[in-house]
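The two complexes that follow have subunit A in common; it is paired with subunit B in the first and with subunit C in the second.
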Partner chain A sequence: MAAVATCGSGAGSPGSAVATASKSNVTSFQRRGPRASGTNDSGPRLVSIAGTRPSVRNGQLLVSTGLPALDQLLGGGLAIGTVLLIEEDKYNIYSPLLFKCFLAEGIVNGHTLLVASAKEDPANILQELPAPLLDDNSKKEFDEDVYNHKTPESNIKMKIAWRYQLLPKMEQIGPVSSRFGHYYDASKRIPQELIEASNWHGFFLPEKISSTLKVEPWSLTPGYIKLLQFIQNIIYEEGFDGSNPQKKQRNVLRIGIQNLGSPLWGDDICCAENGSNSHSLTKFLYVLRGLLRTSLSACIITMPTHLIQNKAIIARVTNLSDIVIGLESFIGSERETNPLYKDYHGLIHIRQIPRLNNLICDESDVKDLAFKLKRKLFTIEWVQDNYLRQERNIYPPGFSYLLKQKDSAWGEGSLQHSTFLMSFLAKATAFASRLVRHSEPLKQTGSGRIHQAAGPRLWHDGRRQEAPGLLGIPL
Partner chain B sequence: VTLSEGARAGTGRELGMLDSLLSLGGLVLLRDSVEWEGRSLLKALVKKSALCGEQVHILGCEVSEEEFREGFDSNINNRLVYHDFFRDPLNWSKTEEALPGGPLGALRAICKRTDPGPVTIALDSLSWLLLHLPCTTLCQALHAVSHQDSCPGDSSPVGKVSVLGLLHEELHGPGPVGALSSLAQTEVTLGGTKGQASAHILCRRPRQRPTDQTQWFSILPDFSLDLQEGPSVESQPCSDPHIPPVDPTTHLTFNLHLSKKEREARDSLILPFQFSSEKQQALLRPRPGQATSHIFYEPDAYDDLDQEDPDDDLDI
Partner chain C sequence: MFVELNNLLNTTPDRAEQGKLTLLCDAKTDGSFLVHHFLSFYLKANCKVCFVALFQSFSHYNIVGQKLGVNLTVARERGQLVFLEGLKSAVDVFFQTQEEPHPLQFLREANAGNLKPLFEFVREALKPVDGGEARWTYPVLLVDDLSVLLSLGMGAVAVLDFIHYCRATVCWELKGNMVILVHDSGDVEDEENDILLNGVSHQSHLILRAEGLATGFCRDVHGQLRILWRRPSQPTAQRDQSLTYQYKIQDKSVSFFAKGMSPAVL
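Moving on, here comes the complex of A and B:
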């Protein structure tokens, strides 16, 4: 009706609802107009903080972790009020990069940062943050970088296993909203003016603790106590928990704690299996999570879990954190020479994803994720010849040799390959079921050796037991 | 410089890794064991850094001062600053010359020195310190000492600090050893075969891949370092010499390689799951003669050709 229409158009002006109600008496339902940002009204509004977005799955407010691929794996991002725990790789090369991307994302979005470390001065950590790729030109040139580095083998389209090509790619090089999730160039440093324009607080343990205090066995180590007090002070003073009504725009606090649990924090879980303070870290995480849940903050923690001696503590720490990601680098391990992993630098294991207001957690189906750190970019990908690796485990060694030949008639997608595969798999399952039926404990039959019937031996766990007779390889 | 070093000029950087341990700075962990002792290597490195003109501080906890200084020339002995914690570890004699705070106090006092110049601190040994001090305190002190020069905001330009720590691996569990090796910039593990000692050097630079290298060496009586090539590599016993390696591609009953024509034919083959427009047309077009389909059946000897429904006999 016309009166309602004038009411609707009148609400566009920054007048109050009272004025529009007095104009027309048709209905008492008034449309609220856009308010000035300074007023504190109690009406229900979407919290629109820069750099956050609501999750489409469970309604939580999400922030980006700094790596869009990781955001996608975690179901959109890191929920505010939760803890992201990163289990460091053995030589601590790749986990600092994830840590820094998280902090850099905070700076780019204008969030407040809190950086705590016992190893490096937080000011130095901030100097080493990667530079964001904000304009399209630079993004285009590293897109080409990505494609040029692909090996020719990976460009062969799969013919028989064509469904694997339909799986979504991890990297969304396509249009990414510029307000959520940015790409970072690992080879460049963040510009100094961005750091100076940002609001950050640092906690460097050697400065805060001057003397060695006597520690009771049931309490937290002094380093942890100081850190918790520091975080609590910042949250209270800057109003992240709603205690001080914020005059300006509400903001998110990003907390980053580096190397938690290492001996430099005064915690001895890495040194001894049953130390005197073995509950210190778990209590710290419990109190920290309580602080986070009642404030607009998100936390990233890197922890050297490969040094923790008591495995029960790792299990408890996993339960007390929300998202747990493990990094396993290939340096020094036998996987470095595995041709399957030759393009990658390590594996990413997503160990836990939280159930926030949900009955199920939002885990992606893809299990074999690997990462590589190219000169500029940190990418996470699915290890593509997954099915081929599983088959190679049961192939005789000569067949793997045939598969590796270029232009071989036995290549993937050929008829010989498929028929061999089917017949070999049939034999392999028959052989495996024979083992199940005939397994008897040695004690019953005395000291006799179990005579294994002739047949194709399985290449199991990389150890060759007996060569199969397929190609006449001499014993 | 031995002849072998000169011959391998291209890999001179690798050969010199043991020489350049001290130039990297930070904590250098020397892990030795009962079979391959590390104190002689420690003394050789101390001698090398003393000859380079650096300040050398020694925290002697495990052996006496006389035993440690044995074998050094007088000019080297004059350059060493020796802090003795062996004779009186708990400071019972209460003399003024003993430094307060024990070994850690001595470390911190060395930290607070004001004169610039590179400093080498030799800890003999870290195992003794680990057994007498809590591991976390030791780690924090070592980190404070070895990273003192990496702060750019320091007012006084302090030189590079190298800390050489001798660690007896067998005395400790994996926990303390792992904690110390994660702190260390360089880790040298001593081993060897048949009378020749080797050092496996693992170098961790921050934010870079760790590099490792095995260096064969021997220590001369005057504690100078002699880099050597490894022992002669013997023939591998695993491959039997009188059976030639078998080429599996010979005498095959099937075709291993594709000819060009066959490869083209294979590439142009349309796979059953690929849906192309020709296939779509073929499916949509009604095929002639498809209206009726015939089934040809030859009855078996056991087949019952009765057309009645057997369920009709049931009385329910």
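Moving on, here comes the complex of A and C:
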């Protein structure tokens, strides 16, 4: 095999407490407490690795995805031993950002990286990673315009982002931080010295495939076979699965595979509906998950599923992955002009969350999620939050309002409609409104009716005529 | 083992029927809680269980099993449970050449072969041990899940052949039971999966179908379970009996209630 492109002689994880266990058996799922619950019987000692934390629900070891908002939606983070599949957006603009945040989080935490791509040289990918925000400013909420460069006094009470007051202040020891989950500045590049201090391996397909040796006729494309062998080699050599007696590794391997399934990998599921190798990708995912389950690693894969011709393959791929997230950007679609989605760049769909070591999973109740890349930060929000914010700006509470319904983007009975109504009901003061704005009786333009007040509906010439807000009963 | 589900199915570990094929099917939701139920049910019934676990790792089933009251590690050591861990075996098959035929041999082959090595493994695991001592009541084969075999390159017909061979051996010859999980792809047109699902449901005695709610995600009702009793060997003179319940999965149990009678709603 061609020489593996490694960089740096970085050590594992300086700065944080790493308790080395005496046994070399490594499990993917470890728990606090004396009960052994891993794949092999592991020692009762708690192993603390930088950048990981046990899950609240089942004690599983989690790593951050690089986006704290996404971590929250996934129930705390990405579990070690699992695969995070990102279905790319149509023009592949935002999924590389998620991919890079994942890798940057690995560098900041001192994890080992394995970057595989068929399109770009992994060294170039690493150069383009976003810079972490490591000072206290990163804790403030950025969409409230509180971003400043001065170091705040630690005893100033934060009024807006008061939750962050409770987080421990972190020490700045070099590039490694002990915090779980960092914010990244998408407009700046990661400092060169961080990359050099990290331990990473790159797999660039055109380099590896040119030195084709004898390849067994398995029904996997040669690119996938080589990638699997490369990953397995790294896991064994660096001791992430505990089977190598010389290496006692207590670090996490973060694997990132870009554009898996695209024609550049030699796979034709994006080109033909019933290709010759239609099982290649699913077999690859299965063996990859087998490798991950028995090692201290987590994997992110971006896949252009919108290009896959055979929808059944997408369903199978989804079943074979653990977490599946779909990105849908608004560029070029009619949603770009929808006022509900103002300020947002796209929707984020959480399609699947795994049930690991448990009967239940951490499914979040919020389903309408949108993301935006605003002022260099990637944030994920509930769509209705934006809507309510807009409404509160235009209609301050304490007033009673009449609404002239024009042709708007809402229809009756839509979610936006009812949310609007509820936002008013929630804020209606008990004593009467201070100002009542009247308008002339409404002509029904649409089929929607927003406000039903006292006052009967009048039928006039066969057409409904409404006069909400007027107290007299004309006839 | 969920006591409420036992009541709905009208069985207990002591007096379960033998020679039956049960099909677990899930559409738009995760039906793996049924697999955990049957695994703990048959282990408590003192049966010899062969579990072909292709979907998750051993520790996952073990940890959930402990919540349900069975210890898989102990069962494996005692010889009551024969566990084929698909994920780990796939890695072994893929990276190291095996001398003797491995149950998951088909991963190395380019063309879709047949599942004969897997069947040999099952038969070897469940055959009655000579020596006279009858420690276990009857053998049980549990497969989680069959749709993974399709994803790994097998054809639907090859998988149906495998099920047929297993049924002849386990259900008819050894008077044991079989429990199989198949995903229902629903409106995604996965023809192979549909062939497989139809073929197995035609042969099964009991079908448990876990569906997501038609109206989408709900925090209090996780889905709907349809139970269908069938008699495949006899002509359908009697009508198949069918029941529908809704369920909510909790940490260690699953609660079932009639449609619309969720405690959250009442």
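Definition applied: the second predicted complex is superposed on the first by the 286 of 475 C-alpha atoms of A that agree within 3 Å, B and C clash if a C-alpha of one lies under 4 Å from a C-alpha of the other, contacts with A are read in each partner's own complex, and residues count from 1 in each chain.
Here is the rule we use: a contact is a pair of C-beta atoms (placed from the backbone, for glycine too) under 8 Å apart; a residue touches a chain by one contact, two chains touch by 3 or more.
All values derive from a computational prediction rather than experimental measurement.
Asks: When the two structures are overlaid on chain A, which partner does A:290 contact: first (subunit B), second (subunit C), both, or neither?
Replies: It touches subunit C, and subunit B stays clear.
Asks: Considering only touches as defined above, state whether A:311 meets subunit B (first), subunit C (second), both or neither.
Replies: The second partner, subunit C, only.
Asks: Touch check for A:357: first (subunit B), second (subunit C), both, or neither?
Replies: second
Asks: Go through the superposed model and pick first if A:229 touches only subunit B, second if only subunit C, both, or neither.
Replies: So A:229 only meets subunit C here.
Asks: Could you look at A:92 and tell me whether it touches subunit B, subunit C, both or neither (first, second, both, neither)?
Replies: A:92 sits against subunit B, while subunit C stays out of touch.
Asks: So, A:320: does it touch subunit B (first), subunit C (second), both, or neither?
Replies: It touches subunit C, and subunit B stays clear.
Asks: Examine A:267 and indicate which partner it touches, taking first as subunit B and second as subunit C; both and neither are also allowed.
Replies: first
Asks: Once the complexes are superposed, what residues of subunit A are shared between the subunit B interface and the subunit C interface?
Replies: Common to the two interfaces on subunit A: nothing.
Asks: Which residues of subunit B touch subunit A in the complex?
Replies: Residue list for subunit B touching subunit A: 134-137, 139-140, 143-144, 147, 151-153, 173-176, 178-179, 182-183, 204, 207-210, 212, 243, 246, 248, 251-252, 254-258, 262-263, 266, 271, 273-274.
Asks: Quick one: which bits of subunit A touch subunit C in the complex? Just the residue numbers, please.
Replies: Answer in residue numbers: 27-29, 37-39, 58, 216-219, 228-229, 232, 279, 282-283, 286-287, 289-291, 293-294, 311-312, 314-316, 319-320, 355-360, 363, 365, 367.
Asks: Of all residues in subunit A, which touch subunit B in the complex?
Replies: On the subunit A side, the touching residues are 91-93, 96, 118-119, 121, 123-124, 159-160, 162, 206, 212, 262-268, 270-273, 304, 306-307, 309, 331-332, 398, 401-402, 405, 407-410, 414, 416, 471-474.
Asks: Inside the complex, what are the residues of subunit C that reach subunit A?
Replies: Touch list, subunit C to subunit A: 30, 32-33, 36, 56-60, 62-64, 67, 86-88, 90-91, 94-95, 107-111, 147-148, 150-153, 183, 185, 188-193, 217, 219, 249-252, 254.
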